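Letters A, B, C and D name the chains as they come in the text, with residue numbers starting at 1 for each one.
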Amino acid sequence: MSTLVTLPVLLPMLGAGLTVITSRSATLQRLIGIAVLIAVAVLAAVLLVAADRTGPIVAEMGGWAAPVGIALVADRLAALLLLVSTLVTLAVLVYSIDQRVADYGRETPSTTFHPMYLLLCTGVSLAYLTGDLFTLFVAFEIMLSASYVLITRRTSASRIRSGMTYVTVSLTSSLLFLTMVALVYAATGTVNLADLAAQVGELPDGLRTVLALLVVVVFGIKAAVVPLHFWLPDSYPNAPSPVTALFAGLLTKVGLYALLRTQTLVFPQDGSKTLLLWLAVATMVVGALGALAQNDLNRLLSFLLVSHIGYMLFGIAVFDVAGIAGTVLYIVHHITVQATLFLVSGLITRRTGTVSIDRMGGLAKTAPALAVLFAVPALTLAGIPPTSGFVAKLALLQAGAGSGVATAAVAGVVVASSLLTLYAMARVWVRVFWGTPQPPLSDPDPTDELVVGTGSTPRPMVAAAGSLAAVSVAIAVAAGPLSAVTGRAAEDLLDRGPYRTAVLGEEAR
Amino acid sequence: MLALVAAHLALAGLLPLLSARSHRAAFLVGALLPAGALVWGLANAARALGDGVTETTSWAPALGLSFSFRLDALGLVMLVLVAGLGALILAYSAWYFGPDSPEAARSAALLLAFAGAMLGLVLADDLLTLYVFWELTSIASFLLVGQGGEDRASRRAAVQALLVTVFGGLAMLLGFVLLGEAAGTYRISELLAEPPRGPMVGAALVLVLIGAFTKSAQLPFHPWLPAAMVAPTPVSAYLHAASMVQAGVYLVARLSPAFAGLALWWVPVVVAGLGTMLVGGWHALHETDLKRLLAFGTVSQLGFLMVLFGGGGRFGDVTALAGMAMLLAHGLFKASLFLVVGILDKRAGGRDVRELSGVGRALPGLAVMSVLATASMAGLPPLLGFVGKEAAFEAFLDGGGTPGLLIALGLLAGSVLTVAYSARFLWGAFASKPGVAAAQPQRPEAGLTVPAWLPALGGLALGLAYPLVDTLARGYAAAYPPTGAEYHLALWHGPGLPLLFSALAVALGAGLHRLREPVTAMHRRLRTPVSAQRAYELTVAGVERVAVLVTGRIQVGSLPTYLAVILTAVLLLPGTALVLGTTLPDEQVLYHAPMQVPLGVFVLIAALGLVRARRRFTAVLLVGVIGYGIGGLFVVDGAPDLALAQFLVETLTLVVFVLVLRRLPAHFREARSPRRVALPKALIAIAGGAMVASSAVVVSGARQQAVSDVSREYIRLAPEGAGAYNVVNAILVDFRALDTVGEITVLLIAAAGTASLVLATRYDRHRAERVISGSGGPEHEEEVLG
Amino acid sequence: MTERIPWERWDEPHEPWLLPGRCPDRSERTLLLEMTTRVVFPTILVFSLYLLLVGHYSPGGGFSGGLVAGLAFVLRYIAGGRQDIGGAVRIRPPVVIGLGLTIAVLTALAPALAGNAVLSSAMWEVELPLLGTLEVVSSLLLDVGVYLLIVGVALDLLRSLGAGIEQDARAAGERM
Amino acid sequence: MITINLSMALVVGALYAVGFYLLLQRSLMRVLLGIVVIGHGANLLLQLAGGPPGRAPIVGDAPPEAMTDPLPQALALTAIVITFALTTFLLALGYRSWVLLGHDEVQDDIEDRRVARRQRPAGAMEEESDAEPEQRAGADQ
């Protein structure tokens, strides 16, 4: 069983190595990519079931018990997020393969895309599974550096700026991360998370707060928490839509995951609760207002992404079982829906030849399938019942309502920004799907040469996006078992006992 | 009951397939389901009036989410309206929409889906279940009002309806959650049995009322309803007259038994209700569009219903009896009147009061039916409307004290307006007007007239069969404190104040209609500066403006600013904690090894030189010097492996830099930044450096031993465990080999990324035309391949 | 790679190993550097292998070894230009990188097949004539993967930042 | 016990300060050098986190108690390589920017500037800003 924990990391890595070697064969690359991700998805499902039954499953790398060796830990949280993330990466991979085939035919290989894609998945898996602070750093670097390549692939003059913003900000946060690791090691003499849980508790309060806040800033940048979010709306929208979908779905969530993991396992004290609440409010409001100010469809979606990060932060700030469970449920829902929206946005811009919603119109008439495909995730994101967005938002609202006046007030902000989300979505609907149909802009958008209207929507791409929307629907249908699992995951996180025992053995209790 | 609701939604999903062949068939097939629901409801009427029919399907128990339904007296009345009128209106639609109307296909599916959602809403016995269907009706309304979204008025109306009702819905959701958390349950029947109390409950109730008010178009949220009249008439008849807009009233009716004793609950309801009744009635007096006239009439009537259901706890169960009668009566007459307007619109060439003339003579049947429905609206015996109105006056006049009297007077004023606009409707639709050409209407098909006749006759039949209504209403009113004397709904209670009020209302209303022209002229002069519609528009525009202002201010698009914000965050959060919460260790060491000092100075000088360097090459060289200096420090520290790697990597870095610098200009070209920009940058940088340095010192003071426990283990285990004497290497390839594997992965990525960036350049000059959707051109790929 | 050579001529030089095959521009070349490079190159490679093998006992390892080998190729590039690298390594750099990663990951996974923990290592003692007992650790294979990958990266960087930029410059009509 | 001495703390602090300063410049090359310098500082800090200088951690060469902490060295080594890899990539990005734009400065985001320039909403939900007065009056009812 413990070997299985390592495979979600090593299989994509092996796949990446093989796709580099086979870079001349488009078919082989695609086969390897899809096969690896299917395998990882199956593994993740197995791990989730096993972790839910028997508690965290630990793989001691090299056979060395932690803290000497690196432990990979699949607990409920990690396995759940791994499963959802892999489903999303799989769908996005299929989508981008379809897009490639539609654009250039079946035979053209995409040399760097597949290895980078698989390595991004490696990084994400490793970040979820690792029980070691430094390995988390390495995982972030794998994930981020792969994302740098994906976001700057074939950048044009107008897009290179956004690549620079993204890379530079991410590198800065990586260096702050490294600094944080150094300071943590200097203070405690260990980088194992389970070990740190005990060691950090023995530090003086002031010092612990310094480290905890540094962690909030470091992961806050990755998670795009206001005011550390500026880079996101300036960079994500300028990548090709599958890449944006992947980033928007996964990368910020990995940052949130790291924040959640460290806040619960290493810094479970109450000190940062008020701060996190304020950050959550700022993130929700600034993101939602930002979305209303945009005319560019992808930027609008990016700002909404920022806004919804605030929701998840809110659950962490509440910091009880209901709050954490709500955050986990929201992450699961949001990974799926945000990726779907960007894929659909890719289909829309492909059809219309522009990203500006002012220049679109009448798609409900000319492309009814696209209208349905947009409406489902849009309503889901706005949290309209009975979608997964509603279920997850409800969980957060309940957590807020049950935890005092301050959090209940922030729950009001959640509701308000939910309305703004719906407003933004309604606006997209009105501008893009209603009104008079516009012919696709065949000459490239002057501001943006990556968007060329083809007037077509290839069926395989629609199917890939649709399957992801179906995952989103499935989350709503399975809300019962899912919310039970997230509840148990939250109990584990706050208890810390099962995790520490699993990693360090019985004496850790 | 979930099956019934789900069947509606599922069939709605399938209807487009049928509509593609025949719209009429789609509507008629769709009508079967609500009809079935009606039959089911009537078959279970006895049980509903007894213990109620319940059903629960669990969804997410951890969140208290379930689909719980309960059919009781109130639910039954709503079911009759929702399902019965739903079936009629769907059948009517089959003839209303032309054979090639683009709206028909959409409307058939959406109307049926809406009927399903509405059914779920009125049967829900769970706050969350209710909310689920509540929002679904809002979405259905958005799509039905907007239709294809081709003309601007419908787009605006649809968005306004959506925003206003969802705003209320979300507030209500928060209210529900607060209520549910306070009570420990979301089941309505359990809440009613044991109402929660507490400060949170107060806030919750206010939020719930916002939801009810927006949905039922109460002051000041009402303008969305008249605006929504751009929708096709069957849609208006169903959603915006007979069912959806009653949802808010229904919610108040549902929860009143538990909370109506609280002033926080009944006062806002009664005040908003009375205000709405008067304002709506007043506006209805001046409308020239018959549909908008009816819409304002609906607004007014909804206000009336609010008063009746909200006052129950304070004024006793007679208000509830009146409310039930009026709820039923309103649904019936309003649906009928809307359908009449639809017929006029389609067959008599319009619905403008100023253009219609002589229709009554041409279509006497329609006129008779309209008189029947309007009489119920105006509260004339022997119709159901009269029964309800009598009970309403009785409820507030008998034992209500001064507040009751005031309310009753308010209701009287509202009733006067109601009579007046009822008269205006009849006059406007059917009268022959001097100077206007008589309309030449076509004879409407039975498919259009029968669905309109049925509810009108229903009002008459139920008025005559008032004991039946009384039984139904009692089933609901039993939840309230009984008033002194037992009261039954009836057509004749003998002379008394209520009868006087009814008579006054009719007389004054008729008079007001006669004076319509001076009154309208006065209305024009009286136009108030505050208008709810203007307020809505200003709010939306204000939000947009704030959005643009805020976003423009903070999302400045400048990378240095973003980085400065990040660094400032580091200074503000951990930095403040460092300054306030920690102390430097008492004993300090200046240096551990003498060689550290010269090497440190060497590095410092290079670093300072770097800041001032204007030539790229110099800067790169200085960075190299720093790197070698640090390598030297590693040697001094006793880390030969690290030092070796540092020297080698530094060399390779230099090589790589030089390779690129070959083509870049020799000097940094950026202009020297002005002092006001440069100074803050320098300050942030220095503060950041100081913070890192001091936290390093502080942190190291907390450390207990020089070599950590883990590292002792490494040293102990390396020789026999990993077969290595170089402990660092053992850690790299054995103990923590995973890090190493990860790190070479990063190298791979960097190499691939570099190749992808640099080797792609030559294709930028002759931009390939075939760049589609940015997945990378094939020529580029081959280049990267090597 | 090369055709079979008659046994009696195997000691004759048959590859121009001291000079690159093509001389683009005489003025750009420094003979002394080229000569030195050519002499030193194999030595550095051997040294890098030494670093790779010796990592378990003293400073070194796959990293340092790979970097040293990479620097050797850098030296050749500086001395002889891009054609020279092509002469020394016939396999595409990305493939070298991919092989390195694949070897490393397979080494990591191999123990799992035997039922051991992933990335765990085994040790064998090998008797070698002359050198005595040598402890061979399976993690050396991981180091080999690292070594290969780093050499590949160095070669790839020379291909992109070195030759690639040169080509750009030539296309733009610049002299470098 | 004190593991990081003042002079080394000063060096680390200075490296961070210089790095941060360069990071805040507009030329991508300077930003990159800033990142490299901060990277140097971070690696030095990581190594210093292991404790005061000692003998190299090679079993047999020195008694275990005189050795320096090997773990931070391993971590720092990994970090050095990662920093190198990312430096190379950013350098290539700067080069490409120079090829495409003729400079390697980080420009402001065009779309952000566009939003900032907009004084009022470009037409709220639905062309509201240009609604005719008559229509508004009609809606006022």
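Simple rule for what comes next: a residue touches a chain if its C-beta (ideal position, glycine included) is under 8 Å from a C-beta of that chain, and two chains touch if they have at least 3 such contacts.
Here the structure is a predicted model, which is why all the values come from computation and not from measurement.
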| item | value |
| --- | --- |
| A-D compared against A-B, more contacting pairs | A-B |
| Distance between chain centroids, defined by C-alpha means - chain A, chain D (Å) | 21 |
| Distance between the centres, which are taken as Cα means, of chain B and chain A, whole angstrom | 25 |
| Separation of mean Cα positions, chain C and chain A [Å, integer] | 39 |
| Separation of mean Cα positions, chain C and chain B [Å, integer] | 63 |
| Numbers and ranges of chain C residues touching at least 2 other chains | 57-59, 63, 94, 97-98, 100-101, 104-105, 108, 119, 121, 153, 157, 160-161, 165, 168 |
| For chain A, residues that touch 2 or more chains besides their own | 13, 16, 20, 23, 61-62, 111, 115, 134, 138, 141, 145, 148-149, 152, 155-157, 164-165, 168, 172, 179, 182-183, 185-186, 233-234, 293-294, 423, 426-427, 430 |
| Multi-chain contact residues (two or more partners), chain D | 3-4, 16, 19, 23, 31, 43, 45, 48-50, 56, 58, 71, 75, 77-78, 81-82, 85-86, 88-89, 91-93, 95-96, 99-100, 106, 109-112, 115, 118, 125-126 |
| Overall pattern in which the protein chains touch one another (line/ring/star/complete/other) | complete |
| Residue numbers on chain D that touch chain B, as the complex places them | 1-27, 29-31, 33, 36-37, 40-41, 43-45, 47-61, 64, 67-71, 73-78, 80-82, 84-89, 91-96, 98-100, 103-106, 108-113, 115-121, 124-129, 136, 139-141 |
| Residues of chain D touching chain A in the complex | 3-4, 16, 19, 23, 28, 31, 35, 38-39, 42-43, 45-46, 48-50, 71-72, 75, 78-79, 82, 85-86, 89-90, 93, 96-97, 100-101, 106-107, 109-112, 115, 118, 122, 125-126 |
| Residue ranges of chain A in contact with chain C within the complex | 2-3, 6, 10, 13-14, 16-21, 23, 59-63, 111, 115 |
| Chain C contact footprint on chain B (complex, rising order) | 640-641, 644-645, 648-649, 651-652, 655-656, 659-660, 662-663, 722-726, 729-730, 732-734, 737-738, 740-741, 744-745, 747-748, 750-752, 754-755, 757-759, 761-762, 765, 784-786 |
| Touch list for chain A against partner chain D, complex | 134, 137-138, 141, 145, 148-149, 152, 155-158, 160-165, 167-168, 171-172, 174-175, 178-179, 181-183, 185-186, 191, 233-234, 293-296, 299, 358, 423, 426-427, 430, 447 |
